[in-house]
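Here is the structure we will look at.
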Amino acid sequence: MNHQTLEFRSDNCGSAAPEIIEALVRANQGSAVGYGADALTSDLNATLSDVFESKLRVFPIPTGTGANALALAACGTPFGAVYCSPEAHINTSECNAVGFFGGGLKVSPIDGIDGKVCPVSLEKNLTVAGFGQAHKSQPVALNLVQATDLGAVYSTEEISQLSALAHARKLSVHMDGARFANALAHLGCSPAEMTWKAGVDILSLGVTKNGGLLSDAIVVFNPDIADKIDFHLRRGGMIWSKMRFASAQILAYVENDLWLRLARQSNAAAQQLAQGINRIPAARLIAPVQANELFVEMSVTALDRLANQGVLFYRRGPELARFVCRWDTTQEEVKQLLALIETGSHA
Amino acid sequence: MNHQTLEFRSDNCGSAAPEIIEALVRANQGSAVGYGADALTSDLNATLSDVFESKLRVFPIPTGTGANALALAACGTPFGAVYCSPEAHINTSECNAVGFFGGGLKVSPIDGIDGKVCPVSLEKNLTVAGFGQAHKSQPVALNLVQATDLGAVYSTEEISQLSALAHARKLSVHMDGARFANALAHLGCSPAEMTWKAGVDILSLGVTKNGGLLSDAIVVFNPDIADKIDFHLRRGGMIWSKMRFASAQILAYVENDLWLRLARQSNAAAQQLAQGINRIPAARLIAPVQANELFVEMSVTALDRLANQGVLFYRRGPELARFVCRWDTTQEEVKQLLALIETGSHA
Amino acid sequence: MNHQTLEFRSDNCGSAAPEIIEALVRANQGSAVGYGADALTSDLNATLSDVFESKLRVFPIPTGTGANALALAACGTPFGAVYCSPEAHINTSECNAVGFFGGGLKVSPIDGIDGKVCPVSLEKNLTVAGFGQAHKSQPVALNLVQATDLGAVYSTEEISQLSALAHARKLSVHMDGARFANALAHLGCSPAEMTWKAGVDILSLGVTKNGGLLSDAIVVFNPDIADKIDFHLRRGGMIWSKMRFASAQILAYVENDLWLRLARQSNAAAQQLAQGINRIPAARLIAPVQANELFVEMSVTALDRLANQGVLFYRRGPELARFVCRWDTTQEEVKQLLALIETGSHA
Amino acid sequence: MNHQTLEFRSDNCGSAAPEIIEALVRANQGSAVGYGADALTSDLNATLSDVFESKLRVFPIPTGTGANALALAACGTPFGAVYCSPEAHINTSECNAVGFFGGGLKVSPIDGIDGKVCPVSLEKNLTVAGFGQAHKSQPVALNLVQATDLGAVYSTEEISQLSALAHARKLSVHMDGARFANALAHLGCSPAEMTWKAGVDILSLGVTKNGGLLSDAIVVFNPDIADKIDFHLRRGGMIWSKMRFASAQILAYVENDLWLRLARQSNAAAQQLAQGINRIPAARLIAPVQANELFVEMSVTALDRLANQGVLFYRRGPELARFVCRWDTTQEEVKQLLALIETGSHA
């Protein structure tokens, strides 16, 4: 990175954690059978079962988009509909992947705030969904993004309430955990409490954005769903033959609480940034900062100025900026950004 | 690997080349924009364009199955048919991936020997294909596996002849190069001569089996096909956000002729093994050994005995074994295997 | 129908026009080549080209859902998105057909009133659509339902304005004309003026709801789109072998202005009903009545009472009824319905 | 038809039976609820349950291609493979429809004679299919064409044997009965004996080729498969809103043994033609004539001459002609054809 720029574009612009790189290097020993039948992948299943306090199935997968689309396809039929928030990544940023993996499976956004699905909206939509009517897309899954695409975090109570509504109508509950560890660090609960104990059936476990490099994972709590995932993955060209190198990354990610440590660092940077912004009248946070993303309203002029000064960030509208903190974002970088925002606001 | 076993299952059971691991480690510096817009991916495009003596496009992709299916989907319409040999990996081992990525795209095996497509069969099939008739799957691509799934290698003349037949009917030519470097090392020609100069439009460039770990690549020579591949990849959940870590692997793979050096090692081991087998009357090679795979007919008893003695290999029939040599297969391992085969044949 | 019931459920509950039945019977003469190469299908293409004042292609197809989904699939890539009104039939009532035929093609509802797409919403959505960005579904078509799913009719100016916005971004314009003739009769313009002269590229021509029985049609004005429709239809199991019996229906439908005559009858019945309802304070039309459908807000009690009295209609909400007039709905039936509504409103 | 031509192209070039046309006309009475909830469709289910001596489900569907593809999609997962004969219509003439409806479902032709699947080939393929291995397409259905695409008929014993092999591995058995009545008339058994009593789970019941016009049907014996067919049909745009007009055709088709009477007529014409051909040395039948199709080897010159003399037929190769007899093919037409063949053979 050019020393004259400040990197706040995305957590996937950041570097990988050394522990994960080292694990990958260590995995390069001797020969191992391919396609996930190796010892490291077996360890991964055992370790995550411990971490989540449940006998579960883990499937390393190259990307979060793949994880989401394939997990949702595994939840239901091609006649189905998946409810999500309007801001959900599957609705805005994954180029028809759900429809592709799901054979036409429909993404149905429903109202909510802060990137969450609102339980009242969910119930209302379920009531008029037309279950059993062939001309209606049949609701099959609820997609919850944790942390949300606006940087907020569902409480375990909120997850439980939404899951209960979904399960009452036989929908599966999918958690898009692209920033799972950030949400977990924020809530301070156990992985089990934030997932299966709250009704989550299947999880896209994000690793890449929080210090990983080339693998995320699908974690399946509900054994009914796990059955066909191997076939979905294989048909989708998603099973690495040298799987051990993917499993090694995810093992290192959860061992010794690395994932939490990394997430706490990016969350802390985001808090530092949020507190600074709250003191600047010309900038306004549009959603609670509970993970590592901030959505900030500022004038067009102020945002243009920031961009010209070398701040790297994405605009979500002419007056809306997203700033993302990484596990390796420094206090100094945050201070510099705040100084530039503040200066700009006086200009 | 247990020291009592001999690993001849697959080249994807082997380790990664240190040069590739080191390149991956080196890539972990600073921040970089995601999804392939980074500097290493840009370098990769430039470097492969040099290596192949043509301005081409490279798309790193997690697996060879993904590369094949997506490349073929990019070649044509969902009403299409892809011709291949009966033994082709897309026909035998990729769980409907071509049909999935291609929206129902059909795989049509046609006759040949040694895992090759026969030009006479191809022409015969093209003649009766029913171009323009809506009830017929429309031929859109020819799939050539180089080296073939029986361990043979197409000459450049063979590729040119088949490509000419295909192009005369407006089919695209796809090369499944899961063992591309092995074939290249065998022929001793240039990468250009084995691909676009012989009519290949799009290539699945295998890296994993020859010392790579987590990335293969699609290489597109025909710019008409390249256009929509980004969308195919994104929809398929195939674009890593931290792409630099994939591009770094492929860069290291081709730099300083590493790919050829590794391939020459596995090819040499295969030659040593083939020469040994040719001296054993009870074992018979069913196809020319021109790359790093051997297909050997032996009695059921002899094969059972080998398996019991700790030789790791796959059976393709009760009396048909496949042995695969890796870049790190040693002369000693080959000798041990030959000794066991020979002993068994006297039993 | 039971003489004690009043049929206002749907125009597809009605009978077929005798002229269409007679044409079908007449078509049963001698032999004819299958799959659309027959003389009647050729006549149909010529006749509709005259009626629409343009050399067009006609493809008879069993259902309107098939026509819509296949027409939209023919407009674009599987990475695409189709804009429509939230009430559009493709969004509410066709069970993922667009996603199925389009290989994951996304349906994206955007705001509007009376079941129309609002040009301001359209422009706003196009502006932020992310053309060329692989993580975004690429806008490929605009779907206009004429008459709309709330019973209103786009003016030709409205169609032209929306088409211009769409074409400026290279989207195709698809008209869902399930009630095309009703809209045409309302506007009093020519078929050409309501379609290609206003920018429509491809039309689902509804026949069934307006006196047809077993065939609707796709009408293609833009020859670029027409090319692959035969293959889409064949792959979709949509080409009748005895096509002449379908083409005969559609020919009879447009000959001697039958379609307009039938549509005028149902439109007139709807007007009679609307005028009556406007005089009843307890009932409220929620959208302009410009074709043959009425959407009426009444109390739950009043609607329950109507249903108990033998009025057949569908509820679109606890307090929202849809009444549909058919070409053979009589003035007497309308009077009886009005009397029941009025009586109920005093109860 | 031109009086100077002789029509032997296809049974779908023929006219519709008057009884079916009349039933369709009679169905045009009063109003009826749409999409298959009407009284005639209910009658159809009851009547076919009687005819087949089993409580079954009937789904009228516009075409046989749709029936086949959708029935097979309903039998299994998108990771599946369907075994069929190489000549099977789904393999040769339906433009990827199985792959389309089945989300990539693979068609796997296996050896046999006379257009039949050979039980030995089936068992051999099942043995090496790789059940449970994610890289292998999982066998899910067996497709039997009755009568076959070469004009032969499976005996009930043959069907039972093949079904038993399929069921032993949990494959469903699908019968493509495009010429079901012709086979039934040939065997002289009951509809039950030729289907569910012999292990058939789901049937494409052809009507169009044997005197129907616009509807075939899917008949489901296995209730596990029936469940989702409504959704498949709706998503595929295959459910007519005015379903009564389709159901009326199929009801008339089976009532009073009309289907058998019509089939016996075309079978008899085919027998007359076969016996004549057997007396002509220059013409050779390549398969038993057991239904209404004949496949005849003759010289290129002789076939060219026939075509020039106004005989309408299709060539399946330079020296292979298919002649199809219709329910309304007359003895005189057969005599004229035989005379032309005989004359030509002396030329």
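Annotations for the structure displayed:
Should a chain be cited, it is by its letter among A, B, C and D, assigned in written order, with residues numbered from 1 in that chain.
Quick note on the criterion: a residue touches a chain if its C-beta (ideal position, glycine included) is under 8 Å from a C-beta of that chain, and two chains touch if they have at least 3 such contacts.
Computed from a predicted structure; not experimentally measured.
Identification of common neighbours of chain A and chain C yields B, D. The angle needed to superpose chain B on chain D by their Cα atoms is 180 degrees, rounded to the nearest 5. Mean C-alpha positions place chain B and chain D at a centre distance of 41 Å.
We define each chain's centre as the mean of its Cα atoms; on that basis chain A and chain D are separated by 51 Å. For this pair, chain C with chain D, the centres built from the Cα atoms lie 34 Å apart. Along chain D, residues 78-79, 94-97, 100, 103-104, 134-135, 138, 231, 234-235, 239 each make contact with two or more other chains. Interface residues of chain A, counted against chain C in their complex, comprise 78-81, 92-100, 102-107, 128, 134-138, 317.
Within the complex formed with chain A, the chain B residues making contact are 1, 7, 9-10, 12-16, 18, 21, 24-25, 28-34, 61-70, 94-97, 100-101, 208-209, 212-215, 231, 234-242, 245-246, 326.
Residues 35, 77-79, 103-104, 134-135, 138, 228, 230-235, 239 of chain C touch chain B in their complex.
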